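In the part that follows, the structures are each spelled out as structure tokens.
Across the two complexes that follow, chain A remains constant while its partner is chain B and subsequently chain C.
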Partner chain A sequence: MAEHKEETGSVGHIAPAKLYVAIWAILMALTLTTVLVSMVDIGPMNVVVALVIATIKGTLVVLFFMHLRYSPKLTMATVIAAMFWLFLLLSLTMTDYLTRAWSTSPGH
Partner chain B sequence: MATSDIGDIQVAERALQHHFADMEQQRDTSSFGMWMFLLTEIMFFGGLFCAYLVYRASYYHAFVEGSQKMNITLGATNTAVLICSSLTMALGVRAAQMGKPKLMVILLLITIVFGFGFLGIKAVEYHEHWVNHEFPGPSFHFETGDPAHPATDPQHTEIYFSLYWAMTGLHALHMVIGIGLVAWLVIAGLMGAYTPHYYNPVENVGLYWHFVDLVWIYLFPMLYLISKKHGG
Partner chain C sequence: MATAVQTVERENYLNSNYGIKSWLLTTDHKRIAVLYLISITAMFWLGGFFAMMIRLELLTPAGDLVSSDTYNKLFTMHGIIMVFFFLIPAVPAVIGNFVVPLMVGAKDMAFPRVNLLSWYLYMAGAITALTAMVTGGVDTGWTFYTPFSTTYSNTHVIGAAIGIFIAGFSSILTGLNFIVTIHRMRAPGLTWRRLPLFCWSNYAAAIIMVLGTPVIAITLLLVALERAFHIGIFDPRLGGDPILFQHLFWFYSHPAVYLMILPGMGVISEIVACFSRKRVFGYEFVALASIAIAVFGFLVWAHHMFVAGISVYAALVFSLLSYLVAIPSAVKVFNWTATMYKGSISYNTPMLYAFGFIGLFTVGGLTGIFLASLGIDVHVHDTYFVIAHFHYVMVGGGVMAYMAGLHFWWPKMTGKMYPEAWAKLSALLVFVGFNTTFFPQFILGYMGSPRRYHAYPPEFQVLNVLSTAGASILAVGYVLPMIYFLWSLRYGKDAGPNPWNATGLEWMTSSPPPTHNFDETPVVTWEAYDYEHQPQEEITVGH
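Let's look at the complex of A and B:
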């Protein structure tokens, strides 16, 4: 495992170039996949597949290109905080907007 | 080798600010600061994503019609260009970590070329939308082409295009800033500013560049793809 060669101390972790190229190849393949899937009508699953693929791509970028995998726990906490606040922003707004019809048309 | 090490340590000593105990603490702090900034950037773009969700939920058919005007080939090409630029950026940071400033400069210059490539393709798309009157404002004109929903209000499609221009425009602005930052790294790199003991600016600009890529990874499916097959 390349893990054992991990350099510590003042230099920081240096990931192997092969790893970056592999991540790049996966990202390119996922981009092609999401474009091809968008050409096929699979109903509401189109949105689900597109967002799941985007999330896989985003996770790879953050973990490897942005070195989150090799970063201090404080960095991980910052990323989790960012996702949590974004979740609050989107979910609380949508629970408001998507349920407004209930109050204007009771019995619906 | 020994003289180069001494040189490295001298650069590192110059780079160590007096309020940090050592280079490692300084690097961790600088990286944490950058991530905190990116957190605020996520909330900044998050507001626009939230607006998109609300209006898409409200004016679904108008949004489907709007997004079907997108050029998926150009959008997908731009996604690929950005992913390639993220690879050269990541390898550039790696070159800086390994103490190869020349390699770093070359990789960063390729990153800049990819960055301009993205903006060039985006400009072609913007031009297409502009001549098709798909820019919100007095010149906006949209013929609803969906027989199943003839009542689709063009003003609601205009909201789609407002969000499209705002989100991609803000993203493009970040690209321009990113290219400027990478150009700064190239100049500083040529002047020998970075060593394996001190490359915080390279690392942080790299984080910024990847973040901008990350935003596009979500913009592309949301604006271009998810309504492709939802005409009805």
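Let's look at the complex of A and C:
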């Protein structure tokens, strides 16, 4: 943990190889799940499942392979801010798309 | 570096070395600020030229000076240049670049080379966009609305979009530099609560730059891709949605309005405190209001789309959220006023511009509330009311603050004083000219005159003539500073380190500052704007 201060982002932390292998195995298992689920028709849930699995995989990569878990709080805050802003973009845009069909008269 | 060139003149960032290469390869934040100043001024005049062409066309009801196609290109190019190549970089890249490292007591920005890179990206973006304009122009409006931009326009949409895309990276890098500099480079003792409000507001603007700009960049790239390869993001025939473009565009472009105004608000905080000789009233609230504006600014974008066919329920949510932004904005305006209350006010030029800012920004902000309410927006949408509203915020707010800041820090940047009497005259001309130009447009819009037409019914002529006359006064108000600033470089009185007797670390070094900013790293033991308790001798130390 307490390595050179400037290098915390890249080589600051060296995790045991076992951990990397375990994460890799989880990622592979999740990929396999995505492929298998895509063969079953569960309607609109297909997209939801695929996106949830992809999000979990992305999170694992960022936390372990990109060392976010061992990074300073400021780096974490930066990543969380980026995710939060993406959430704002998606959720507020969806307020339009999810409710557009509710009104019977088009427009105003 | 430290070799004494002359015995009389102290070594500073301007005379430390000479030659075009020493400027084009500099990593000194102060020289980069000057590079930005020159390029941004050129863009301002170009955008201003297009504005004058628009106003001349609108002098008479008939479309007689230019054709409707040319007129479309004129207002598009005016918008693109003024928004992306002048207003967004103006205060942060010129004044912020120069002043923020000085204010935090640092030798330079956190990433000096990235800082230079951001200027080169700005230039590359500007040249790309200008090439698109010179080779035929763009007629979509600065907003690039689909499906016109993707399918029907026969102009150089891709070139202009790529220009803005490139300039966006300049903005992101500048924002990144501000964030890291303010986090990491503060002088010992300069805690967040002692940080000048100009740094706070640039920090808030940097958040928008870093988190918002990628969205507009990728959106414009999607427009270019859709135009070239028909990929079907925005075209309903291919499963896309044209309104999605507006969502993505305004997700950045509405916060971009706050990006233009926030650093300006920081300038006003510095000036109001200095020329009232008082600490900014409610410092913490003003500081946090900047962050609140940056965050709330991202929650309101669809108020641009009330008549575009979005869901009425979404429109209700966005209307309500839009009112929220009024709260931190009002906190600032009230606190500046409270700062002046019982202050020892002097009416120097920067303060005159600050007065102008407070009044005009308030008008612009309040008319924004009108536009955020669903009923009124349906009536005045796409009319001159909207034009007047956003010019009150962007020109009455943004440009006024830029001018205020330029006058305030000009002595620091150049070591020379500008002629005060001429400067006061120009501030007055700008204020009168601005209101004569844009106030009639509120009335025009309320009467139903639509924007973006080169001809209009004869009954609107009186107000349009008034507006064009005002624009001429405004132009004189902007030409004057250009002349006397240049004049002052040669004939201006020496400014000394602290002509305004201001607090703040930037005033504790010589003017113009040496390349390394401070001979010794300053240690801060006082609150920001400690005009009441700081002994005058301590404020004016330095050489």
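By definition in this document, the second predicted complex is superposed on the first by the 87 of 108 C-alpha atoms of A that agree within 3 Å, B and C clash if a C-alpha of one lies under 4 Å from a C-alpha of the other, contacts with A are read in each partner's own complex, and residues count from 1 in each chain.
Here, a residue touches a chain if its C-beta (ideal position, glycine included) is under 8 Å from a C-beta of that chain, and two chains touch if they have at least 3 such contacts.
This is a predicted model, so every value here is computed, not measured.
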item	value
Partner chain(s) touched by A:L74 [first = chain B, second = chain C, both, neither]	both
Which superposed partner A:I14 touches (first chain B, second chain C, both, neither)	first
Which of chain B and chain C A:W85 touches, first, second, both or neither	both
First (chain B), second (chain C), both or neither touched by A:T95	second
Greater chain A contact set [chain C / chain B]	B
Residues of chain A at both interfaces, chain B in one complex, chain C in the other	74, 81-82, 85, 89, 93, 97-98
Footprint of chain B on chain A - complex, ascending	9-12, 14-15, 17, 20-21, 23-24, 27-28, 31-32, 34-35, 38-42, 46-47, 50-51, 53-54, 57-58, 61-62, 64-67, 71-72, 74-75, 78-79, 81-82, 85-86, 89-90, 93-94, 97-98
Chain A contact footprint on chain C (complex, rising order)	183, 207, 211-212, 215, 243-244, 247-248, 251, 298-299, 301-302, 306-307, 309-314, 317-318, 374, 378
Sites on chain A touched by chain C in the complex	74, 81-82, 85, 88-89, 92-93, 95-100, 102-103, 106-108
Chain A-facing residues of chain B, complex	12, 22-24, 27-28, 31-32, 35-36, 38-39, 42-43, 46-47, 49-50, 53-54, 57-58, 72, 76, 79-80, 83-84, 86-87, 89-91, 94, 97-98, 196-197, 203, 206-207, 210-211, 213-214, 217-218, 220-222, 224-226, 228-230
